[in-house]
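Presented sequentially are two complexes of subunit A, the first with subunit B as partner and the second with subunit C.
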Partner chain A sequence: MIRTALALVLAVLPAACQREERQARPSPVGGESREEVALVSLSPGSAGPVVATSGKAAQFEGNAYHLSQGKKLFVWFNCNGCHGQGGGGMGPALIDDRWIYGAAIENIVQTIREGRPNGMPSFRGRIPDDQIWELAAYVRAMSGNVPSSAAPARSDTLHPRPAENRTDPSPPVAGGLVPPGGERAQ
Partner chain B sequence: MSARRGLVVILVVPLASCNLVQSPLNPVSPQARELLWLFVVFVAVLGAIWLAVMATLALSLRPRRPAGADPLAVDPAYERRAVALVTGLAIVTGLVVLVLTGLSYAGQRRLFGEEQAGITIRVLGHQWWWEVRYEDAAPDRVFTTANEIHVPVGVPVAISLDSTDVIHSFWVPSLMGKQDLIPGRSNAIRFTAERPGVYRGQCAEFCGMQHARMSLLVIADEPAAFARWRDGQVAPRREPASEEARAGEAAFVAAPCALCHQVRGTAAAGRNGPELTHLASRRTLAAGSLPLTRGSLAAWIVDPHGIKPGVNMPLIPLEPDRLNTISAYLAGLE
Partner chain C sequence: MPAKNFASTRYSELSEITPETAKDLRVSFTFSVGVNRGQESSPLVVDGTMYVLSPYPNILYALDLTKPGAALKWQYNPKPEAAAQGVACCDVVNRGPAYADGHLFFNTLDGNVVSVEAATGREAWKTKIGNINIGETMTMAPLVARGKVFVGNAGGEFGVRGWIQALDQQTGKVAWKAFNTGPDADVLIGPGFRPFYDSDKGPDLGTKTWPPGAWEQGGGTVWGWLSFDPELNLLYHGTGNPGPWNADQRPGDNKWTSGLFARDPDTGAARWFYQWSPHDLYDWDGINEQILLDMTWNGAPRKVLVRPERNGHVYILDRTTGEVLAAKPFHPITTTTGVDLKTGRLQYIPEKKPEMGKVMRDICPNASGAKDWSPSAYSPRTGLLYLPHANLCMDEEHLQANYIAGTPYLGSETRMKAGPGGHRGVYTAWDVAGERAAWSIKEEFPVWSGTLVTAGDVAFYGTMDGWFKAVNARTGAVVWQFKTGSGIIGQPTTYRAPDGRQHVAILSGVGGWPGVIVSADLDPRDGTGALGFLNAMRDLKEVTTKGGMLYDFALP
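Up next is the complex of A and B:
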């Protein structure tokens, strides 16, 4: 009886095995996804602002492959040049909890794609759409807002802060200050 | 009879796949010959020992004691001979191990000897391609290429090996043994090609999804031909000759291509992907995945992940005419 129970338990255990789906090849049809995000809760009329997202986020958020690709692209495309390892410089810091243009992955995708005032360039047509999504997913990992089981681990190079999978989550606080005269965001 | 003939055919057919493009049995450098000699000596000595052990085992299965004899009876003379034989064989085993160790050590001394190198090449491993940089005392003679190494015949070549991501291993069997490329550590290997020819090499350390499609070619030229090739590589890209190629260059620089690839002489200055200044002078595309033709260039740009799943080259939606002009432009970059 005990032996049968043990066999049953052992037989059920593999059901918990899960292997992450790696989508290395983006869909060959369709260009960029369509994201409509609202930066403020104000809108004309009584209804709130219209928000319509493509649902592509589920494919990228919490996916270890896309997060680590995003980490590589962050260096390749010289995001470090302005955001200095996430600590900020010419551009705002990315490892803190302040989000000037929203913390959702769609907001970050739009920030990279469209650019933002006071310096953030638009990368539309420069970075392929799926790589923008990978970058956006990684930017959220920098402040610990992805599952630590999926976040990238220690870098091979010198790194000024703990690895992404050891970063404590900093829940987003809306509305970092938009710099009035173009000086550094706080 | 027919069974025996079948066996012969089965044994001979695999030989048809032998070729000498990538084979340690076809050494064309003193280093590779040294390794082949070590290989032959080890196989001969160890094979002979294995055969002797197997023969002894087979002999020991033969019944020698007459039926009905006392199995516990001991013959002192026989015991003495047996002890002497086992002691002698143990000493011989020790000697064989010592001699083979000495041979291998002496071989290593010769392989890694400090010989004055005529050319220094830096090879950087990437997932999944090889970046090749020809060092020179004059900074304007330094250039970068990818996946294809040209060397002059008879000149000692020093290769320094580094990696940018994971551990790779550099192995061109006809020219030298394996040497690992380790992130954060500089390794070195030397060889001297003795005959002109094309020798294929391969990454020999599992490095991810496309490890199998990470190959390179070493092309040994006569010194004059090598000097011509080197002068050609140092120069910036050839001006686009046709209207189509000019449009292709403009499209290439404006498209995401320029973010990762460099074409010297244009605004495309990315350093993350292979350098393309003299792309069409190479024989293969994508680290030996495809022959380099205009058609395979277009196929590669349209669907890199269909050809090499997981590769870092992204899929970029391009209109057909832009794809057409870009592939014409790249195919003309000699």
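Up next is the complex of A and C:
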């Protein structure tokens, strides 16, 4: 009996010891990954838009360390000044389901790097590339679009809403420049 | 000009619309400004033409009132930079154009001042004086006097350094520029500067009342109302909040923020200064309107300046010296015990000071104040000041603020809420001489529109759920109301039209700081959004939608 239990524990142990992989050394400050992403789903032909991404997303999405760093940087780079804790203000809301410039992490990376025409500043050369990825991953966490096991669990703020790991997922809806707003967010 | 006159009384001599006749008011025409953002502007009527200015992208329209339906005469689009929307703190509003000598003058969100020929809509000049890359925008209505156009910047939430500038009315060339923080030479403080109180005397207080260098990001912007006294030749302008909101990062009185300057309009030289909120703790910009009145005070005739202030008091100042004659509260206050009339100083309650890492609850008034920019009106017939205002409190926690040029410089999180009573807005008739409220009307939402009062003893204002109301100026009884398409945060205008009738016009289109939840589709689940205003306005989406429509009314 004891032997069986031991065998079971030994069998489970390797899985329990699985830890998140991440590169200890970030990519060079000046470098940036190349993301060929589309802003829309519309493209001539039935295949959809042609995209080619670096694959860097896999390192950042669902990684608790990077999400936690992103949450810290969100305040340090004053993102919260415009976007609040996700409800928005000078900038659009980030906890809702509408994505004006695309919901993929690569889209968000591009939004932070390049800026967007109606007020989003360009942070290229102001924020190291890996930190842009951390911010983008965290922005997806704000609307519940990362694994809850990796999302930050605590907010050192006025607690306007539950922490990210308790945020219900809101599947992205492509927004466009004039979102069909007006109705109260559900 | 939006304020009707240099004294900013917003009082009209027209008397055709009265409490008895107002019930017959009918729509005479409407006009869509084509922009569904907050409409804080005031329509202007000059010689049979109405001029209407939209929020960003700041399109100016001229409507021919002699033609049926007020035909569009021309439109002028200054094509401001779209990126400017990202550094506008509280919706992309504009508070109106000004008219003088055949030209209209207005500011664009991206920091241009424009002069347009009234007859043709042709641009006479355009001068860029604001820089969006450091967070400067321009939203205020210019004041034109003595051949100069007076304008100021906004951006107190971005760590900008506040200024006012005078541009030559003919050429658009900058005649003078005065900063509201920094060395005396920059503030245009010289030998002619004679403030009334000792705390405003001494060299370079604009640097000495700050930690080293902090004045460079110290705020003190000029995004509100200007008044002018031609007899004294003094220009009056308030100064905005100090930056950042986290007051522990800027120990000192933070001159010359949250105060009032009297300046020589010809040179910009400061004549006196008074600080409403020294070392402001709560984002209490000092930029509201100043109504210039001549009244008897304690038996003697005085030239006074009346200021309903964000910190919750109606002030009466001697406008020749800057002496505070009176300051009485018109809003529930938990943060101060009033103004010491000997020193002129606002008395804070130390226990209510927000701290880092601690939530301070029930701060009244809130950050947008007992009364924000929405201008009041004064009737010499009733002696009452008609005050559109709020009834709001807030919880606040301070955080470390990082200065990154062109991004918000706050160090604060807030969530706002209704004040005692649960209503969020009030329209108060304030007896100026008696220093008390004569009557008041409670409103569900903050009263964010301007107001006007007429010789017919009717006052007009609008609500954020879309009602445009006429009230009996003596009793406060609502004598007429009309539901417009969207919430109202604009400034009403009344005028005699070419048809000989008295008309009244208002822009409908919700927005501004409290209404940005609707105009920018914000998510109310985060109460700290819109700098904390989302918490107080969660239900606005249930009662109104975006809009941008001018409504004009007249008696049949």
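Assume the second predicted complex is superposed on the first by the 146 of 186 C-alpha atoms of A that agree within 3 Å, B and C clash if a C-alpha of one lies under 4 Å from a C-alpha of the other, contacts with A are read in each partner's own complex, and residues count from 1 in each chain.
Going forward, a residue touches a chain if its C-beta (ideal position, glycine included) is under 8 Å from a C-beta of that chain, and two chains touch if they have at least 3 such contacts.
From a predicted model like this one, the values you see are computed outputs, not experimental measurements.
In the superposition on chain A, A:Gly91 makes contact with subunit C only, while subunit B stays out of contact range.
In the superposition on chain A, contact of A:Gly31 is made with subunit B only, not with subunit C. With both structures placed on the common chain, the touch criterion links A:Pro160 to subunit C but leaves subunit B unconnected.
Of the two partner chains placed around the shared chain by superposition, subunit C is the only one that A:Cys82 touches, whereas subunit B remains out of contact. Of the two partners subunit B and subunit C, it is C that touches the larger number of subunit A residues. Judged by the touch definition given at the top, the superposed model places A:Gln131 against subunit B, while subunit C stays out of reach.
Shared contact residues of subunit A with subunit B and subunit C: 76-77, 126, 156.
Listed in rising order, the residues of subunit C touching subunit A in the complex are 82-90, 157, 357, 359, 395, 397, 399, 402, 404, 406-410, 413-415, 516, 518, 520-531, 534-535, 541-542, 545-546.
Those residues of subunit B that touch subunit A in the complex are listed here as 165, 183-184, 209, 254-256, 259-260, 272, 303, 305-306, 309-312, 314-317. For subunit A in complex with subunit B, the touching residues are 22, 24-26, 28, 31, 72, 76-77, 125-128, 130-131, 156.
Chain contact summary for the complex, subunit A toward subunit C: residues 75-78, 80-93, 95-96, 98, 115, 117-121, 126, 156-158, 160-161, 179, 181-185.
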